[in-house]
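Sharing a structure with you now.
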Amino acid sequence: MDAAAATPAPKSGRLARIFAAYGQELVVLGALLALMAFSGAVNARFLSENNLNSIFSGNAYVAVAAIGMSMVIIAGHIDVSVGSLIGVLATISGTLAVRGYPIWVAWLAAIVVGIAIEAVNGVLVAYARIPAIVVTLGMLSILKGGLISATSGAWITNLPPGFLLAQFRFLGILSPVWFAAVLTVLAALWMRYTALGRSIYAVGGNPDAARAAGIQTKPTVVFVFALHGFFAGIAAILFASQLQVIQSTVPPNLELNVITASVIGGVSILGGTGTVIGSTLAAVLFAAIGSSLIFVNVSAYWLKAVLGLMILATVLADMARRRRAV
Amino acid sequence: MTSIVELRGIDKSFAGFAALKDVSFDVRAGEVHALLGENGAGKSTLIRIIAGVHAPDRGEIRIGGEVVRLSSPRDARRRGIATVYQELLLFPELTVAENIFIGKAPRGRWGRIDWAAMRAKARALLEELDSRDLDVDAKVGGLSVASRQRVEIAKALSQDPRVLVMDEPTTSLAEGDVARLMSIVRRLRERGVGIVYVSHRLAEIFALADRVTVLRDGACIGTRPVAEVTEATLVSMMVGRSIDQLFPKVDAPRGRTLLETRNLSHRRAVRDVSLSVREGEILGIAGLVGSGRTELALTLFGITPATSGEIRVDGKPVVIDGPRAARDLGIAYIPEDRGLQGLIRTQTLRENVALPVLDRISWATIVDRRSEEKRAREAIDRLGIRARGTEQIARQLSGGNQQKVVVAKWLGTEPRILIMDEPTRGIDVGAKAEIHALMGRLAQQGLGIIMISSELPEVLGMADRVLVMSGGRIVAAFDRAEATPDAVGAAMTRVGESRDVA
Amino acid sequence: MAPSLRRFLRHETILAVLVVVALVVLAAQSERFFTADNLLNQGRLMAEVGLVALTMTFVIVTGGIDLSVGSILGLSAILVGVFWKNVGLALPVAMVLAVGSGGLAGLVNGLIITRFRVPPLIATLATLALYRGLAEGISQSRSVRGYPEWFYALGQRDAAGVPVQVWILLLAVVVSSAILGLTTFGRATYAVGANETAARFSGVAVDRTRLLIYTASGLMAGLAAVIFVSRVSTTRSDMGTGLELDVITAVVLGGTSIFGGKGTIVGTVLGLALIQALRSGLSLAGVKGDGTIVVIGLVLIGAILVSNVFGRDGDG
């Protein structure tokens, strides 16, 4: 996973410069293709349409959540509560749908509540100056406990068909894939080309300089968290509508998957750099790894260990790269 | 000719320490006005007042003839005052163009950044600075220091300022870059910008400036057209005449050699340094900022251990791989940055004094509180520290008293070689004199003292021998008798090979 | 009055008062509460979190954090079963090895942080995944049962009327309190947290201090694992999930600053007591386990919020 972007870009050659800037993302893409080729060679059924569909569309919601998470990390913070948040939002959304509210209300609720909760996180981090890890650790248990208490572990069944966004198809491709792809591209463009998007990099890269340059760091941080809540809301709807039922718990380590996707996708955990394209690619990579473990006959119980190793390796490489650059 | 910015009768104090006393200063359009003075003279405070960072306690600021109150740096910027500080405020991960226009990028529709316009404007600005070779799309993190500085200047220019303040712009630059910077400054002058050029490099001031103002100990000694002064006049304005009064030099008997280095190097920061210190001797090390003096001290103290060369203590070769090792050899270091390196400001006087000798005042790792308490009390008495007691939090003490705590802390390790880095920076005159007297007493007791200082008067007044460093090397050595302000000052700007002065 | 004494009085006293108030309220709620039996049982339940919270105090005082303690507990728990059943070692040996593995895991954390300069937050977030993953992978979700009778004495029996692990906890409290408050190591810990640079410049072995602290954190998690397994009579790979929340909340509630440089063991113990009292009270009031973690989360955020707001004025 070590990016070849360790050396500074040579002055000549646009291609070289693109590689240097997007090295990490290209590495992830390369790893993804290599993995698929390998697994497909070991077990041809890995490449079946069914399986590929389930890899991409079944995990697209992780990629969507990773978009928001990447922004938070780029801004210099972190959110470990996103897994429970998605669970809560999915439950709220599903419950509203089952109780007969219009579908669009159910969907909107997930997004609005997501924005609201994350905005609270953002305010506590920016204005009360509580470190993000602590705020979101606390929020994680509030949400997790709240969810189980509210649902008492019951699953939500009988979801109205109109609610099942994740099962719609456009041009033959399941909607989650569309959501992940389109949102990723839009977010990437926004972060690259708008002043507000660039200011996120500034705030995360050098908060003092950002303030000296006149950027309002505190409102920006709150905004980033709120935006992250927006993406979490969409991810929740996609997660909720994958099956005919909504389980009462989210997949374990959802937040870890999301954070790992961002980190491996090239977002430096120290803030100030990275892109959302990388995180999306990385999210897909993990889904592929998870699936391939099964097809290559390795116990799926090792998946978490693999994820942990990957984060570690990427972070170590990132630290090494930073030290060389200094 | 009227001034763009004028300051009259400015007073400014920080926690009881008067940084500026009744200072007046003005900048005219199309001139380079140099601001000269030793470290601690008040230059930083003055430019921060101009930049809107601090508000003066007394006095008035006029811009374009009108009295104003600058409420913030942004306010100053809006009124046409741009500042380029020594510590560059750039974003390494963003491009040159983005850094130049951070926070004020040209917008297109929907609030989108108009990238084409931004890059074009950035290129235009760089061209004005004769920096066409800088790629506006390059990430700033990968640029050299000189290039980054040019980005910072371009950033300042993008505000279309009427006054540009440059704080020690050439300290980290190599010869060629210095020449380039000077031509940029001349171009700006031709455009009609008023430039405040803070520096203590006399050569540059004569090459560039129209007028020069000298500050000393927070007061304005005088403002003169450069044509009417010589190096000698400037130096005497900076240094003043009362050297003997300020530094009562007591002669101490010289004993055997305590510390010696031969061809000592640490990467490229310290090169080939050979020196020696004897008992009772005060060895002064002079040089400009960035000449490698602190780096040398850090190598002797083990923070950045030597990569080649030899260190001998009492004639025996030793390896100093960390502060603990240095302490055990009898070497102590009073650091340059008191708040960050010297003290733990949130802890008490007692805890600070005990920190380097914890292992010596403990039994089976249990700290002996009574011994610790005694040491703290002794520190207060011995150095005359003005504190409420041993439990006072360090941060509440004045600068001078904090420095005394640092000194006391290290004296407690019973050192034989004391390295003092800018020992009296940011301290009031009274405490300064006390520290100088202390140095004299310590020398008499047989300690060898290495004193690093940017204040020429201090070096000239206190040292038995003076070494001058430049570019990590020792470029000159003087005995007390030969060390005149001119000679030493001239040596500081010299670039050359190392002198063996052991 | 000496400023540091005054500071001590402010936070820890308030905390002590709160604990007393909580106990009084709980005693009023139910007569069963203030029986020796129940109180000792509360102590039993507190032991695992308590042990880890002691070393976590050191970690947070140095300005760091260890999110992987729960995963180390889970891994060590699995390893007890693995060493005993699969490898066939004698149970005492297996127990010691499991605790040692915890220490090893902590050492790895420490090395990543000191050698590779990875921020503690990130390093322990990564190892949180890695160690839990190893636990899951090694156990393949099978649980180990059927330990000999004497093993359960650790977690379920009493010695001289007091639960065994409470004795262990008491011993640990005394030792860690002595280390942090009286020894040079404790001073080094505070110095590193308050100003790492000045500590280094004063000859404090910064990296070694950190390394030892993270190793100790892992060791303690390993010890807690053994006690936990003994108490619930089985090993599962999801043990210790969420431990870090309880531990960090107890430490922060106890007055240890999340930014480092300040904190006491006494405070942590009081924080622990308060949280246990909270849990107890909630469960008496009929709130299920999941409801209590909501409250713990609120307490965590609230504690730091309050200390941030009041920490600004009057620091002695």
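Order of writing sets the labels: A, B and C. Residues in every chain begin at 1.
Throughout what follows, contacts are C-beta pairs under 8 Å (C-beta built on N, C-alpha and C of every residue); 3 or more make two chains touch, one makes a residue touch a chain.
Since the model is a prediction, treat every value here as computed from it, not as a measurement.
J.: With chains as vertices and touches as edges, which is it: line, ring, star, complete or other?
T.: complete
J.: What are the two chains with the top count of C-beta contact pairs?
T.: A-C
J.: Between chain B and chain C, what's the gap in Å when you average each chain's C-alpha atoms?
T.: 46
J.: Report the inter-chain centroid distance for chain A and chain B in whole angstrom, where each centroid is the mean of the CA atoms.
T.: Centres of chain A and chain B (C-alpha means) sit 46 Å apart.
J.: So what's the Cα centroid distance for chain A and chain C, whole Å?
T.: Roughly 31 Å separates the two chain centres.
J.: Which chain C residues sit where two or more other chains touch them?
T.: In chain C, nothing touches at least two other chains.
J.: In their complex, what parts of chain C are in touch with chain B?
T.: Answer in residue numbers: 2-4, 178, 182-185, 187-188, 190-191, 194-195, 197-205, 261-262, 315-316.
J.: So in the complex, the part of chain A that touches chain B is made up of which residues?
T.: 8-9, 11, 17, 21, 193-196, 198-199, 201-202, 205-206, 208-210, 212-215, 272-273, 325
J.: Would you mind writing out the residues of chain B in touch with chain A in their complex?
T.: 73-74, 89-94, 98, 102-105, 107, 111-113, 115, 135, 137-139, 141-142
J.: With touch defined as at the start, can you tell me which chain A residues reach chain C in the complex?
T.: 78, 80, 124, 128-131, 133-135, 137-142, 144-149, 253, 256, 259-260, 269-270, 299, 301-309, 311-312, 315-316, 319-320, 323
J.: In their shared complex, at which residues does chain C touch chain A?
T.: Checking each residue of chain C against chain A gives 65, 67, 112, 116-119, 121-123, 125-134, 136-137, 139-141, 242, 244-245, 248-249, 252, 258-259, 288, 290-298, 300-301, 304-305, 308-309.
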